Amino acid sequence: MEAINNLLSGSNVTDVLFYVFAVLTLLCAVLVVANPFSRNPVTSAMFLVLTIISMSGLFLLLHAFFLAAVQILVYAGAVIVLFIFVIMLLDLKEEQRRKIKFFGLAAGLVSVGIVVSIFLKSLASIQPNVAEPALEGETYALGKLLFTHYTLPFEIVSVLLLVAMIGVILLSKKKLE
Amino acid sequence: MHIGIQHYLAVSMILFCLGLLGVIMRRNLLVIYMSLELMLNAANLALVAFSRFNNKLDGQVLVFFIITVAAAEVAVGLALIVALYRKRQSAHVEDLTSMKL
Amino acid sequence: MSILTYIAGWPLLAALVLIVVPRNFRVIIRAIAVLATLISAVLAVKMFCNYGSALPDADGYRFVQQIPWVESLGISYHVGVDGLNVGLILMGAIVAFAAALCSFEIQTREKEFYILLLVMTGGILGAFASLDLFFFYFLHELALVPTFIMIGVWGRGEKKNYATFQITLYLSIGALIALIGLIALYIQCGANTFDIPKIIEHAKTNPLAVNAQNFIFPLLLFGFGILVSLWPFHSWAPLGYGVAPSPTSMLHAGVLKKFGLYGLIRIALPLMPQAAQSWAHVIAWLCVGNILYVGWVAMRQKDLNLLIGNSSVAHMGFIFLGIASLNLIGITGAVLIMVAHGFLAALTFALSGYIYKQTGTLEISALGGLCRKLPFIGTALVMAAMAGCGLPGFANFVGEATVFFGAWKAFPTITVIALWGALVIGGIYMTRAIRNVLHGPLPEKWNSLSDASHLWRKLPYALLLASLFVFGVWPRLLTEKINPDAVKIVAQISPAPSADKLVAQSENSGVRN
Amino acid sequence: MKYENLPWLILFLPLISAAVITLFTLRSKTVSSLISIGAVVAGFVMTVIFVNANGMQFSGETSLQWLEIGDLKADFGLKLDALSMMMLFVVTGVGGLIHIYSYGYMHEDRSMARFFACLSLFTFSMLGIVLANNFLMMFISWELVGVSSYLLIGFWFEKPSAGDAAKKAFIVNRLGDFGFLFGILMVWGLLGSLNFSALQNSITANPAALGAMATTAGLLIFCGAMGKSAQFPLHVWLPDAMEGPTPVSALIHAATMVAAGVYMLCRSLFLFNADSLHVISYIGGFTALIAALMAVQQNDIKRIIAYSTLSQLGYMVMTVGLNGPTPAMFHLTTHAFFKALLFLAAGSVIIGMHHEQDIWQMGNLRKKMPITFLTFTIGTLALCGVPPFSGFYSKDAILAQAWEQKSYLLFGVAVFIAALTTFYTFRLFFVVFFGKEKSDHAKHAHESSLVMTLPLVILAVFSFAGGFIGITNNYGSQFVHEHETFSAWQQFAEPFHNPFPMVCGLVAFAIGFFAALSLYKNATSDPLPKKLGGLATLMKNKFYFDEIYEATFIRAHDFLAAVADWIDRWILEGAIIGAIRGGTDLSGRALRLAQTGNLQTYAFLFVLGVALLLYFVLGK
Amino acid sequence: MNASLNFIGLEISVIGLGLVLMLADFFVPAERRRFIGYAGIAALGVLLIMSFSGNGTCSNFGFGFNNAFVNDGLSLFFKRFFIVAAILVLFIAAEFSDKLAAGSIAEYYSLIIFALAGMLFAASSNDFVMLFVAIELITVTFYVLVSFQRSKVASLEAGVKYLILGALSSSFMVFGIALIWGTTGTLNFTELAAVAPQFETSRIFLLGVLLVLVGLGFKIAAFPFQIWAPDVYQGAPTPTTAFLAIGSKAAGFVLLLRVLFTAVPSVTLHWEKLLIVISAITILYGNLCALPQRNLKRLFGYSSISHAGYLLLGVAALNANGQAAILYYLAGYLFTVLAGFLVIALVLRHLETDDVSGLAGLSQRSPLLAATMTISMVSLAGIPPLAGFFGKFLLLKSVIEAAQKSHHYGYIYLVFIALAGVVISLYYYFNVVRAIYWSKEARDLSPIALSAPAKLTAWVCIAGIFWLGLFPNTVLNLANQAATVFVAVTK
């Protein structure tokens, strides 16, 4: 009741925004996973873009401006484009509506349900911290941390990207020698 | 009630579980892969939220790495799926059962 | 270097040499194998003869050699003999020599066969000589694995595959259970050493807790019991021996099988006296299964090797009975039978192997009257059968009689049952076998059989028979050696002193507190 | 004691002979037989020398340490006293003669060397029994005797019946040995020693030392004798044992080995209390009775004599049971003479008849085989207890013992048996030697060679004179404390001290003789079955003991064996191991069904795994 | 920073080597490219020798990069281990090269080297970021390596399965790391160890740790995350399978050890039951499923699951001996498994099937390979005098020690389950041996020509197996020393 009151009273804009973005994120995510209207992967991909954009909204609320930008750039800009590209390339048809096996569905729901319940239980155990969050996601600070404290992982990730590059080339080379 | 870490974490966890559902319910490899991205993003959200509420930037650095690695994985993964599609003309999990038992 | 190292080492070295010998040098391969085992046997005889004059070390072992192996675990290569294993090593070396001689029956892949045979020989002789728990087990396993392969590759009959897997899995279970027991013993003892004399010494002042004993003892009992075909874990034995090539059966039934019994006497009894006492009844009743039940099973067999295999299982019962009696006479008797049965089992399997080689069957109903065509083999088989049913003059009798005397004090009822098994049931199936295999008219088809003619062919059988005779006629050769060490073991088992010690100890600790 | 080492030599010479023959001279019949004969004859000579030097009335022991483990002390020891000396004479003397006889009898056999090796082995073992100074040594020899008997019964192993008989003898003996060793264990457990002298001392010192187990222990020890001396119910092997060569029957199954049981009883007489002796005497009497009855309807010459042996052994055992070791041993000795004589003579007949053993194929052989006939007659007369033949004295001593012990039932039985003995012996006698030749073989029968007839003659002499050459004196010195030595004349007149039993014995003889005479003088077939009807069938079929044992003991063991085998095959191997194997295999096949190859299943299982993991740790 | 560079000289060299090998492609004609591998082997050999001579940076103990990177006994042990593994895998790859797309063999080598680099980093990881990137480097490289035989559907299918499940496990792990960091505020193992006790009851923290374990459990193929192993093992090119079986698994184990015993030891102590159950089920699952298996590579897949179970015995024992035993066992497993895959690569490369029957008649075709395979199988089965026996001995010993110390009945059950597993495994291992020596199905009896490097590899593997079985002292001391890294975990 109180929460609704708070929301309605608009005492805190960020709170309202949180709910807006959160609902948007989750809704879009649901539509990625299980769109009742379309089983087309393109639809899923488009909703994934929406999920990611609304999530970067949440990032903004958390003052992680750089990451919000990266999120949109990398995910919406690169990853999803890649997905769409591949979907188009492969000319994928809609996922056929095969008979859903009731047992499989139930078992899947039950196991995810267990995970959810454990998650929620754990969540309930969290003590909300009283202190006002103060961190500002300054790009400068982030960069400094990345290039001093986390140089080594950074370099390793560069090797990883190299490997990924080689891999992609090897896997998609047309000619099989 | 003020929006605290638990709110963000709840969103993150629900997102994570949605991704999980996608992985185990969908049959299209690409959609499965997208669901995996959802799960990674859930982790990202949790990290950013923790970063904000713990007042430490390390979480955001980790997010940076996760995004990078995810991008690399996506690249390799999609290439692999494409290669497979070329062989099999299918991106459905039911068609990938030549090895079993 | 201790002579024991040479006894166990020559066969292993020869096995290594054989690896590089080309496989078509058949004569050389065989010669190397025979020579290596011969050297072992001669050295073992020498060791046996010099036993009295060799100086024992502080723990009472002779011909000792110790080389650290893994210091952090307290494992060392430690060999030595006392009365308990001196006879076993002699027996093992002689049987190995006989088995190598009998291996002429192997015609395919001889090189591999001889390598395995030599590994088996070296392993088991080493295991008996070992005074280190780890090597004790390690070398036994080393000897056990060739058995499986030999049965699998050179075995005979339709049930070969089944039998190979059966014996492999069954014995591995036993070996592993025993291994767990040994490790638990090592840990529980807390001396941080695998050295048997040290552990025993340590246990004298820090006896194992009774509940630990009651956990470890059954592990060793059943682990070793499976290896020795203690009833009801015996069914692998006749099956395995039924299909095994005879040199393998000789070495396994004769020598390798004694490992478990030796382990019980050497390790389980002195270290876990209380548990031994509480389990003695169980062992004694299980013996009845071996002696009586398996005796009956043997009566029913239609295949000579199965019959011999079952009778060998039945004989194990006497040894267990001796062990269960937990007194000097019983334990001495058990060791005596271990040695005697080694020669006997080797002899019987060698003979059945010869018959199989000649006739291509061991189906009792298909045989008959063989004494006419095979007087030497037949006579030897009669002798073996007689030794098998406990005829005096052969070493088995001495052992069995001793066991009966020992067990009489502890388990009169079971002793009587064992007597029945030994004298009557043993007599029935052995004489039936003689009657059906050797006596009676000779079927037409066996007219072309030929007897073991020249000396080399006769040698293994003669050697084994002679050994049986020597120890049967003059058992003091063994008992004088066994006695002092059996006394030590019995002293550790006997309830009164150890209980006193426990009481004294608790009082001491009470005072300290 | 002079020539202390001589007994060792006597004992071991036959063993050496057996070893030498087996190892070296199996190919030469003559050398082998000479070695064997030499060993036993030398044994006899040395016995004579030893006894001459030491006299009969002494007692000594000599031993080597053989086995000593804690409380278990078993020496390889010899007990030298009148009892063992007399037995030495019997074994080496009668044995020697039989060895010599065998040389002739077995001449045609290609395995003669093996025969003599076994015979030597037997001699060694028998001497071992005789000389043993403790139970374990005796048991060892006991077993060895059993095995030599086994080997010799099965000598012609190609004959299925010989193989079967050997097997049967061995197993039945083993049954007795079971009790024997059981008894030895019990005695050792109670008295702590195996040595006869030590045991005797402790029993003398404390007659109740055996306590409540006294009767049991005694009867268990007696089981040994029951097996070896073929007492009811373990008597069934002896008649079958006649499948062996005839000298073997004479030596082992008449003169020596079967007497070992009686000897053992006498040796360990101090162990038996009144109750156990009582049982022993009745078993002996019963055995004697049924054996005599069975003998009446047998047609095989050797089997008749075998049943007679059985019957006489029953006599001896009965006498021991009546606390009469001296008469028992006396009868044992004379029986050794005349029964060996009878067997050897029968052997001679068999050789003469070209291995025909059915008495109804013989007839009128007295003309063709005079020496055999004569000696056989002497043996018969001795067996039937005709004065002054040796059998008369020993049998009279037995009857007198029964009478004096006031065991009138047994006395009556004994007299009845005496009559039966005479009857069946003369039945044999008449049918074989008188009347008409009943077959071609009988017509062409011939007398045996000198090497065979000579032992017959010597044995005949002893069968005749055995009653008054001082045998009782020697035994008496062993068993009777205030013993006086009788002169030959006194011995001759001994039966008249107690005339009633003597008269009874003579009357029994007369009845038996005239019955046989009237029925069989010129008979060509047996008239008795018609007269006796069912009883004759019973007798002929040995009261169906074999069949009864077949149906009980053997069947029971075979049944148990079948059950055990079934359990082994189907429960242990089949059900339990099979279930473990099958269960393992099945669970493997079931488990891997999870491995569907479908990625979605995998993902699901993965998530399920996560769920389980989380639930396991955080579920509470 | 410069000081920190002293620690990663080895890793830099390895990455450099990977780049060089890749570039070598341009300068070496296609038919000679398989020899590039030998250059890589030589270079790795030099690095390996340096690690023993004391000149190598990896024996320069200490922390670097703000404690994110650690060089200690454990990392040293594993770095040597990974280099040896890579060397042997390169040998196998060189033999197998004609089955790969010929032009891309140099890339294959360099990918192996990059995976090796990832493993080296994993061995030295001391914080979760390092852990994450190192694992991802390994995993992403393996995605490519598994699907490298593009012409084979099975290879691609295996690649996709590994990809999806790998990414799934990565997601769990990342989420777990997020939760751990969120609750404790630190990513560094050492720091975490200090603060972990106060979070022992925090559900969210425990959830985080568990989710990290999911990721690591996937790498080592422990139950319930073992499901991918058989398919991927079967489908991947044989050298990849070999490297996956030994390298990837060992990397998983070193990280598992670090996380459990360096980062959150206080939590681990409460999880003995969990570890026992996981270990027991893993052993049973692997062995039981392998029983009816006829496909050799798939058999190795199941067998690798069971061996993960055995290795987990050492984890479950929660004592230093257990940790040392894991290291020892892995060392033995290295030679054993690579021996097996060498034979598979050499024998089955010309056959369409991976069936066990393909080995029929091997004893006549090539006694050396037959012996190698036999020794490998016997060692896997844990029979003396081979490496597998001593390793299992140490593992069992550590568990029995734990049983004695904790009086936890679970340990005793665990011992017997391990025992049952060993016995079951005998059946299928001996089935392989049987196929080699006395199978009646042998059709092709032509001798197999072996190149000198292949022979050398076989002999090295055999020597390694025997060496570890007969002379355990050296490696055992190294393992014991390495295990001292962990906070003494005692109860």
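Letters A, B, C, D and E mark the chains as written, and numbering starts fresh at 1 in each.
Rule of thumb we're sticking to: contacts are C-beta pairs under 8 Å (C-beta built on N, C-alpha and C of every residue); 3 or more make two chains touch, one makes a residue touch a chain.
For clarity, every value in this text was computed on a predicted model and none was experimentally measured.
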**Report entry** Chains in simultaneous contact with chain A and chain C
**Finding:** D, E
**Report entry** For chain D, the least number of touch steps when starting out from chain A
**Finding:** 1
Query raised in the report: Hey, if chain D just vanished and nothing shifted, what pieces would we be looking at?
Result: one piece
Report summary line: Top of the farthest list for chain D, CA-centroid basis, is A
Requested in this report: Could you tell me which two chains share the largest number of C-beta contact pairs?
Outcome: A-B
Query raised in the report: In terms of CA centres, which chain lies closest to the overall middle?
Result: C
Report summary line: Per the C-alpha means, the centres of chain C and chain E lie apart by a whole-Å value of 41
**Report entry** Distance between the centres, which are taken as Cα means, of chain E and chain A, whole angstrom
**Finding:** 32
Query raised in the report: Quick one: chain A and chain B, Cα centre-to-centre, how many Å?
Result: 7
Requested in this report: With chain centres taken as the means of their Cα atoms, state the distance from chain B to chain E in Å.
Outcome: 26
**Report entry** Multi-chain contact residues (two or more partners), chain A
**Finding:** 108, 111-112, 115, 118-119, 121-123, 126, 149-150, 153, 157, 160, 163-164, 167, 171
Query raised in the report: Which residue numbers or ranges of chain B touch two or more of the other chains?
Result: 5, 9, 16, 19-20, 23-24, 27, 29, 32-33, 49, 53-54, 56, 58, 61, 65, 69, 72-73, 76, 80-81, 83, 96, 98-100
Query raised in the report: What is the complete set of touching chain pairs?
Result: A-B, A-D, A-E, B-D, B-E, C-D, C-E, D-E
Query raised in the report: How about chain B: which of its residues touch chain A in the complex?
Result: 1-11, 13-22, 24-28, 30-31, 33-35, 37-38, 41, 44-45, 48-49, 51-58, 60-61, 63-65, 67-76, 78-83, 85, 91-92
Report summary line: Given the complex, residues on chain C that touch chain D span 166, 232, 235, 239, 293-294, 296-297, 299-301, 327-329, 332-333, 369, 371-372, 382, 386, 389-393, 397-398, 401-402, 404-406, 408-409, 412, 415-416, 419-420, 423-425, 427-428, 431-432, 434-435, 438-442, 475-476, 479, 483, 486
**Report entry** Residues of chain B defined as touching chain E within the complex
**Finding:** 5, 9, 12, 16, 19, 23, 29, 32-33, 36, 39-40, 42-43, 46-47, 49-50, 53-54, 56, 58-59, 61-62, 65-66, 69, 72-73, 76-77, 80-81, 83-84, 87-88, 96, 98-100
**Report entry** Touch list for chain E against partner chain B, complex
**Finding:** 128-129, 132-133, 136, 140, 143-144, 147, 150, 153-154, 156-161, 163-164, 167-168, 170-172, 174-175, 177-179, 181-182, 185, 187, 204, 230-231, 234-235, 298
**Report entry** Of all residues in chain A, those that touch chain B in their complex
**Finding:** 2-3, 6, 12, 14-15, 18, 22, 25-26, 29-30, 32-34, 39, 41, 44-45, 48, 51-52, 55, 58-59, 62-64, 66-67, 70-71, 74-75, 78-79, 82-83, 86-87, 89-90, 92, 95, 98, 105, 108-109, 111-112, 115-116, 119-120, 123, 126, 128-129, 131, 133-135, 137, 141-142, 145-146, 149-150, 153-154, 157, 160-161, 163-165, 167-168, 171-172
